[in-house]
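Next come the structures, one after another.
There are two complexes below, and they share chain A, which is joined by chain B in the first and by chain C in the second.
After this line comes the complex of A and B, so read on.
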């Protein structure tokens, strides 16, 4: 073989090595997603098993599968009722709410290029709380009847996002303007909530405080349906824009030079993240930390490519919220703690860990 | 052959005019450097050509199409931009950073040919050993090479470089510009760069454009353009220009206070 031939063979080997290496790199991310899915399936079974009525995991899975394959799996009416009417919708609510909050969080962190951003950075949580307080304390709102609190929380959340959008648009849509506008909105709504609490009766104030803690206790099949639909559709749209979000991470100018319509993508993703969050927290109350912690953990494992980061952090969020709710239901049984308290307790040690272990000055 | 023709390009921030009726022609396989004092509009010019900023005037491609009328995605297929080495807060690997250059050409899925292109560019710029390392862990010179590789993955006709030598030591300054020049000479790509260092500009450019207060002060080859008079007039600096090497060499002597060009 001539020298040139040897060299070209060598470089071909090098090429295929690099390609192979990259394929493995992508393969690891896919593996993580598959493992997370399996983890959720197992945890869901465990979560549906734990509770005041004693049933075994096998009975739980049989009850679930019996509905889909009636001939192949047998169950009793008692177990079927416990699983399908009491526990399963709460488990699924945990899964989809956790998924939605985490996806919204990673989308916000991506478009704001800030690892400490979350859907709540834009003042969404305080707007939802204000909407709920308005309904609980003054009985005033945009819809009436049983959906008064839910409707109010949702409407005020979207109102807050639109205001942030409007303010940012006025000065140019950059991460800085959005975060500053978000902080202003957050303080505005918490001041108004404080005012309502000041004039409210103590029972009403108690109800507001309880609402703020966030809980899956109000779950039902139709709420699960709404949350699942919004979360899945919005996640798919966000994933469609993964490359644009990735490009934003390299800086606005670079993103523009790569052909990204920067302002459009940023606003679209912000609105989708707000929509997911609004449709979850209007039913559950504010559940913090999931949107912050899940994307962090996931980024450490799968890296910053949003094609994988978005779905993977959704699954991690589902695992965390479902796990936290399971602990909240069982740790002081028969007392059921609001899951919002659990996520905060889980989130704080995690951040202290990050703070102590992190050697690099980036995420 | 002409690659792009810039006609009557103007840009203002509010009422402050940054670029004022600039006219410029960039040829095939040409390295063109924009030089001038701080605030003369070098970087703004680069950003206007890539439509990161929205200038008035026209930027004509050699087929006669105006860059101003194209979508962002189409501009991205024609022009590659190498920013001053920036550091993102969120992590990406070198491979993914370079793969981003395929954005204007690829869909959601990464095709084999995109991967091939990335691998080729990594080898061309000698960054293949860092493929799966984090971009932010690289040194300044390595980052610069990765960013050039990303821009080349766009398969552009024109490469724009904003201060490609800032933050680099002498060795890496030479290497970065050697790379740019050799790519330009080997392919049909042209390069336009904003650069501070007159001597590096003289050494690596075919054409220099001297900017002063957003206007073209002079255009020409380095030898004819780097004169004591021109340097005094645009920088307000007294300098000695040595021409005994094959390229002119500028040694600044003192600042002429009160006569500064700005």
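After this line comes the complex of A and C, so read on.
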């Protein structure tokens, strides 16, 4: 056997070992995703049975199944209304809103190569809060009627991301320019909100504070539909670009040499993340914590490959928000706490636990 | 350089002079020894001065009035002792509830400056809408207050205490003679006492007792009937602010008013003042009456100057059509009411309580006529000719 042949056999063995190891790693990621999905299903199943109304879990499930298999399951109008009109859309809202915020967060962290990035770093939360405050305190906005607050929050959110884009475009679209432009925008909108609170009446200021804490209480089937559609479509598009986002992680030069249109990918992903965030927080108020922490929790487990990171962190986000809302609804029942408070109460200890347990630098 | 310094000296002397002039202005007429009290001796001196032609008859009359009626002392709602040494002719009022009370006591001509919320409400305070603004308790314009040289300033007694204390300290350090009276004028339990305080410091005792008599006539019959009710006689009530599913519980003024009117708040036991509740729990607790408030937040309709019930009716329909609400007794029996905040908050709480009492116990309060009460209050005490829609649907009288 010649020397060359020996080497090729050796490298072949090494290759197959590597392949095996990689397959195991992929298997772990897939397992994590499956477990998260199962977790969401269980949690949703539990959440649907919790509430002030005196309904047994069996009655809840018959009410759910009765819609799919009429005739096979019996339910009453009352139970049907409670389950379908009051509980289920809120549960789904928690799932899709949590998913959307987490996906947007991990996309932002990926394209900006910054562990502190989230749509909120780019001034989105403060822009949305300003839009809502404008509607609450001055009654002014782009659309009128019951969608005044929602419309304002959405428009100002998109306005903020376009401004960030404009500023970054002028200076060259790098992570640094985008973060700096975002922080500038964030302070500007915060100052404007503070000004509105300064001139507003106490009841209105109270209202703004409630809005800033975030709540799933304003959910309805229509809103769930909008949020689910935007989140799912944008997530699929982001996943289509996940190889490009991965390449960005190796540096702009490397990504360019691999044929990635760096600026295009960065802008597209930023806009998609902003769109997801805007369409969620305009209905829920600012729920800031999930977009930052869900991607980190997920990254500790599945690593930085965005093909897996994006969907997996979406599932983790859904778990956190649904869990937080379920606790917020039940812990002081019949009082409903703002979910924004609960996400931090539940998520932070878990995050700190993972953070302390994993010694190696996961980022 | 020298000229500049000279100018500065001249200017500072001018300011000092101005300072002395103001201090002089606030001195008590007829007081010679500087204790701000006109003793009988000092009054005699004034009488001699008048005979000698040093002062005119009006001045003597003023001195003798002060000698007989001052000083006046009250303990205001913040617990501070307030001493008034001479008639308060020019007053600045921060809170519009106190402005309304002063108007009930026919002393609104003494007001020379008001808070911004009084100015913004030109429907209710039309004659005051030209007065200078002193800002609000949150953002006071203290320079504006001092520039008006008032004898007294009225600020909230227990509400926004830190801010009100700061306003008081700053104003009194700038002008030690300034009288500061701290009254809320919107809390049912303390309202009668506060009307008396305001009556005392403004020399409007008669007007104050006249108003208190009217106020008592409105509330006492309700109190008497309600105190005789057992818990089973009280209807269960769900009260909702202008925000969906936000209710008032123990510790909230709305809850107290609801209880005074003889209702049982279905969320009364929660001790969180104002909070969001689980929509299901309302259905579960099945209230007999639902009261939805309008006139603020996103529901700026109803109340004074409203002549159209369309929006209030639409709101009522919207509330009744909420998912699952067809199971609630209040909806089944058409007991969902939209009430304007114009008559439930502030001084007019007693009107709102009367409306609620009649809603809760129509058979017990057959003779009670809240709208006549309201009308009398507006015409006799407020000098207003206002029309409006305060409740929907209209209650039978």
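The definition used in the following text is that the second predicted complex is superposed on the first by the 324 of 363 C-alpha atoms of A that agree within 3 Å, B and C clash if a C-alpha of one lies under 4 Å from a C-alpha of the other, contacts with A are read in each partner's own complex, and residues count from 1 in each chain.
Rule of thumb we're sticking to: a contact is a pair of C-beta atoms (placed from the backbone, for glycine too) under 8 Å apart; a residue touches a chain by one contact, two chains touch by 3 or more.
Fair warning: this is a prediction, and the values are worked out from it, not measured in the lab.
With both structures placed on the common chain, the touch criterion links A:52 to chain C but leaves chain B unconnected. Residue contacts after overlaying the shared chain place A:25 against chain B, while chain C stays out of touching range. Of the two partner chains, chain B is the only one touched by A:110; chain C is not. On chain A, the surface touched by chain B in one complex and the surface touched by chain C in the other have no residue in common. Across the complex, chain B is touched by residues 11, 14-15, 18-19, 21-22, 25, 109-110, 113-115, 240, 242-243, 246-247, 249-251, 253-254, 256-261, 299, 303-305, 307, 360, 362-363 of chain A. Contact residues of chain B toward chain A in the complex are 47, 50-52, 71-77, 79-81, 83, 86-93, 95-97, 100-101, 103-104, 106, 108, 115-116, 119-120, 122-123, 128, 131-132, 136-137, 154, 160. Interface of chain A with chain C (complex): residues 51-54, 78, 81-82, 85-87, 136, 139, 146, 148-149, 198-199, 201-204, 206-207, 210, 215, 217-218, 329, 333-336, 338.
Only residues 117, 138-139, 243-245, 267, 270, 272, 274-281, 283-285, 296-298, 300, 323-324, 327 of chain C touch chain A when the two sit together in their complex.
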